[in-house]
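Shared between the two complexes below is subunit A, which pairs with subunit B and subunit C, respectively.
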Partner chain A sequence: MTQFAQAAAYGVVQGGLLALVAVGFSLVWGIMNVINLSHGAFAVTGAYVAWLLNQHFGLDPFLAIPIVAVAMFGFGYVIQRGLINLVVNAPIFLTLLLTFGLSLVILNILQLLFTADDRTIDTSYASQSFVIGTVNVPYGRLAAFFLAVIITFALAALMTRTRLGHAIGATGMDRGAARLMGIRARHIYAVTFGIAAALAGVAGTMIATVGSFNPTTTPGQLTLDAFVISVLGGLGNMYGALAGGLVLGIAESIGGLLLTGTWVNAIAMAVLIATLIIRPSGLIGKAQYGGRVEV
Partner chain B sequence: MIGRPGALFAFGIVLALGAAACGTSSNTSTSGSGITFAAPVSQTGAFGQAEGLYTLQGYKFCVQTLNAKGGIQYGGQSHQVTLVTQDDQSVSATSAQIVDQYNDKSYKLILSPYGSPATTAVAPVVERNGQVMVDSNGADTAIFTHGYKNTFAVLAPSSTYVTTIIDTLAALNPAPKTVAIIAANDGFSQHAAEKGVSEAQAKGMTVVPSATAYTSSTKVNANVTDVSSALIAIKGTNPDVIIISAHLNEAVAAIKQASELGVKPKYGFAATVAPPTPAFISALGTKSEGVIGSTQWVPELSTSDSLFGTAKQFLSNFTNTYGWSPNQYPYQAADAAAACEALALAIQKAGSADPAAVRTALAGLSVDTFYGHIQFDSTGMNTTKPMYAIQIQKSAFVTIYPSNLSSTPANWPAIAA
Partner chain C sequence: MSSRGPQSVSSSTDALAAILQGRQRTGREVVVDWVRSRTLANSWPALAGVAVIALLLGLQQLIEPGTMRLLSAVFMFVALAQAWNIIGGYTGYASFGQVVFFGLGAYVTAVLMNNYHVSFWVAMPAAILGGVLFAVLIGVPLLRLRGHYFAIATLGAAEGAREVINNMTPVTGGGLGITIPTFGDQAPTAYFGKPGFYVAFLVLAAASVAISTLLARSRFGYAMVAVHEDEAAASAVGINTTVVKVVAFGVSGAIVACAGAFYAFQQIEFYPTDVFDPSFTVLMVIMVVIGGSGSVVGPLVGAVGLELLSQFLRVNLGTYNQLIFGAIIVVVVVFFPQGVVNFFRDAWMARRFSLLDNIRRYRL
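Then we have the complex of A and B:
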């Protein structure tokens, strides 16, 4: 029972971290219909920014988050305006190819700059935990969980209660109609991509804090996680990534305990397939975005 | 019907292809005075960041040193060595394909890829093609159960990785009474864990949560960064020591996540491959402090050779060449350099770079080197070679086992009560 409770608790906080990774990816896919294969590279870039701030200025990763977010927003905005925007009307395969190529370029530059060694942001608290009964709850992942919840609610508020959010939503639904309403779609897309890049950077910072990262194996895994969680949670709903991340985190953790750790990937895919059979638009995705899931 | 210009064009292509073919065949290991060593080494993928890089640097350093000292001498001539490498992307099947392509180019003298899975894939290809391979970093004993005649390993086999840790722990004060073993699901890690369980039981230790847990609840996927399921399975059993039989990613994850999950061994952690690598310290920072690791080579060895000198001279020259700290040397590079040296010594002994003659020379090789004694049994393993243990102390590798090579005592228990 202790082990089950521990697995469940760990699954919840790990789910929060996974949600944090996926929320930006889901936003770009939902609004722009771009499956951004460079999302993992953006997250790792953010991780390096936070790591550099920690190494050179001793800045705590949580204090570095605003700086990372602003830097990554700018990076994402420029990348979208200068590059992604060129293919935003193109067939999905071209956007896949472009973002995959972009990922390779970013990661090779990172490897040249930092080598391929694993890095971590060493803090006194991230790997520590507090105990409830016999269950340990790690501070670092718990903070990532709360961060994911706060960001999700903030994003939902942005989308529903601000003019910018309405403009983003309108552009995602019908770009032509949005243009007729005076919305600058190009700018809105760049802002959306910038927000996603900023969120990726925040996720990367948390990963660097609770785990380790490198430019060779980490980005691909993050992009894959983000893809699975976005499909699982569903597009078109700001809470989709959070729901998908939590379900995946808990399923992997408890599944790994009941079977063995070697079954974790199979369990994740089984959960995804079962969800899509029952609800093709994902756990809480909006039906009109179902077509995008099938792309 | 081909017109005259067409015929001339076709003739030109035939000539060009013929010239290209001649160019390929003239670049073999046996022609002219040059000798080619070919190695499919991981430069990207799971091993590209650390173990593959170290292996490649070991090969390069060996060839540079060989050529600087006049190359391989036989038949009254000096033969310079060229190292040909190609990235196998840490994929075993790619390693095997590359070695097949080497054979097409008449590269018959092979230095192994990094890791047991890739070496396992390459060995039958080498055998089929009549190539000869010296294995630097594939320790799984399963490689040597197929009757291959052309594969020789300089390193100690997988069976000794965890047993050496157990022997090290048994010699410490206090010696652990209970150990838990997390093992990756690759052949090398599983075999090392299996032998480790037997050794632990022979030394009177109890393996928790069970003696077979490494095949079930504490087994994890290879090259993952989440081993929480194994740690949760261990939680509550309160082992004195947690041993990780796996590679870099799993070992780093285990030590980080153990702290998160409140899985705290009474005395400390130990791991097979990861601790004696610079990447382990850079990934874990202060959490690497006190971790014990089994290693194939330590610079305190007293043996030496004419190529690299003593073990300490090898360490100094290698770390200076590649910018490593002498306190954080990658032992995989020593494995690689020793494999390359064994191949060179066999060529010199055979007086030829012909693979059959080199194979015969390798089978009869018995030499002391900076790496220790190299001598192969009938299966191709260097079974006389012992393993050693280091502990990370103040971000430096400190040899703690065997006692005759250790100048600094182990910091034990490594975890404060």
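Then we have the complex of A and C:
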């Protein structure tokens, strides 16, 4: 029983972290119908920024978050404005290819700069845990989890309560109509992508704090997880990624307890295929995003 | 004069005679009509194909075994790109898990040859059959999805299949890999060697190009394009879209599984991560898109050009090869979104070679 409680607790905090990776991915997908295969690369880039700040200035990763977020926002804005906007109306496999090529470029530059070694950001509280009964939760993971939840709610508030959020939502629903209303779609797309990149960078920082990362295997895994979570949670709703992340995190940690060998790696895929067949619009997504056609 | 009576016509218009008499053409008439319908204008692709194959077989006498191996890889990617083009280019369903058929074909072949000592010439058709069956099995539920959802679902199917193979250790050897016996009495089929595989992959590439050409010119090919252009409209004019999609997926899967079978035998020893490597899928997609999807020549040019380029980069640029490769993908996608072959064909027809038009095409 203790084992299950421990696994469930771990699954929840891990799920929160995965949700933070996925929320930006899901935002970009829902608003501009682009699957960003370089999302994992953005997360790892953010992680390197935080790691550098920690190495050179001894900055705590949680304090480095604003710097990482601003830097990644700028990077994402430029990439969207200068590159992805050029092919945003193209058939889907072109945007998939473009972002794949982009991630190859980013990750190889990172690898040339920092080598392929596993890195982690050391903190004084990394080994300390919060204990309830027999269940241990490391403070770092707990903080990362709460941060993920807060950011998701903040993003939801941004989308529903601010002018910028309404502009983003309107552009996502009908770009042609939004442009007629005076919304600058190029700028809005770039801002959306910038927000997604900033969130990816923050998520990468958290991953670097509670675990380790490298430029070869981490990005692909993160992008794939973001995929699965976005589909599972559904698009068009900021809480979708949170719900999807929690479900996947719990399913993987409980599954890891029950299954032998590497079957645990198949859980995400099984969840994905089952969702697509049974409920393609996701847990709480809006059905309109299921098979939509761009104007 | 024949004895068909007053309606009798000379044998030069057999087809017309058959239509006028309201009967089916006889087998002989069909053959005669087909031969007479051949002109240089409509048979040049076949003639050119035969000439290229003859040339490549002649070339084999002049080159080193190492170069043969390199060209074998090029031929294999020609087949893979043609296969992806059938489902992704013509039918418009961008599968991002086509490597699943490659891995499946490789494992069916290796398991049959290793565990049951079956000849390669039995194992390879079994691999193709396995590919077709799996395509139907996953195609029926997944081909209901569209766009990104289909892409991701196929990606998921490929990753999932790899884990299944990885965990079926008693049969497949799991993560420790599998070895095809190629020595002495243990070998069910003698190893082909580099020259043998050169010919084998050349035949595979030629067959895939031929299948693609025949499909593209057939009634079924038009049905695939109709599904691509507008599925609802295709359905409304009486095309059974489910059948078209599943058959296209199956043909594509069969070609990829066959390539996987040859690849497995060529490699002798391999691991699940080798033959289920998602970068095979990515390469297929890149080759088709860069060459030009929805045509036979596009994937051919894309596969040959890109594989030679990537071999060149690997040899000459060492650690920078992936970086340059990624940059090339980005540049080509931005400047030639419709594919290099399609760009030059359209530009030639319009006598207008403007890359700026290309960028404007999909820009926001």
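Just so we're on the same page, the second predicted complex is superposed on the first by the 289 of 295 C-alpha atoms of A that agree within 3 Å, B and C clash if a C-alpha of one lies under 4 Å from a C-alpha of the other, contacts with A are read in each partner's own complex, and residues count from 1 in each chain.
Here is the rule we use: contacts are C-beta pairs under 8 Å (C-beta built on N, C-alpha and C of every residue); 3 or more make two chains touch, one makes a residue touch a chain.
Keep in mind the model is a prediction, meaning the values are calculated, not measured.
Undergrad: Is A:Asp174 in contact with subunit B, with subunit C, with both, or with neither (first, second, both, neither)?
TA: neither
Undergrad: So, A:Thr262: does it touch subunit B (first), subunit C (second), both, or neither?
TA: Touch partners of A:Thr262: subunit B and subunit C.
Undergrad: So in the superposed three-chain picture, is A:Thr120 touching just subunit B, just subunit C, both, or none of them (first/second/both/neither)?
TA: Touch status of A:Thr120: first partner only.
Undergrad: Kindly classify A:Gln14 by the partners it touches after superposition: subunit B alone (first), subunit C alone (second), both, or neither?
TA: A:Gln14 contacts subunit B only, not subunit C.
Undergrad: After superposition on the shared chain, which partner residues are touched by A:Asn136: those of subunit B (first), subunit C (second), both, or neither?
TA: In the superposition, A:Asn136 touches subunit B alone.
Undergrad: Considering only the touch criterion stated at the top, classify A:Val210 as touching first (subunit B), second (subunit C), both, or neither.
TA: First partner only, subunit B.
Undergrad: Is there a shared patch on subunit A that both subunit B and subunit C touch, and which residues make it up?
TA: Touching subunit B in the first complex and subunit C in the second, residues 261-262, 265 of subunit A appear in both lists.
Undergrad: Which of the residues in subunit A come into contact with subunit C in the complex?
TA: So the residues of subunit A touching subunit C come out as 29, 33, 35, 83, 85-94, 96-98, 100-105, 108-109, 112, 185-186, 189, 224, 227-228, 231, 261-263, 265-266, 268-270, 272-273, 276-277, 280, 290-291.
Undergrad: Tell me, which parts of subunit B touch subunit A in their complex?
TA: The touching residues are 44-46, 48-50, 53, 185, 216-221, 223-230, 232-233, 235-236, 248-249, 252-253, 256, 259-262, 278-279, 282-287.
Undergrad: Looking at the complex, which residues from subunit A come into contact with subunit B?
TA: For this pair, the touching residues of subunit A are 2-3, 6-7, 10, 14, 115-120, 122, 127-129, 131, 134, 136, 138, 140-141, 210-212, 214, 216-218, 221, 252-253, 256-257, 260-262, 264-265.
Undergrad: Over in the complex, which subunit C residues touch subunit A? Could you list them?
TA: 88, 94, 96, 141-142, 145-149, 151-153, 155-157, 159-160, 163-164, 166-167, 169, 174-175, 282, 285-286, 289, 319-320, 322-323, 325-330, 333-334, 337, 359, 361-364
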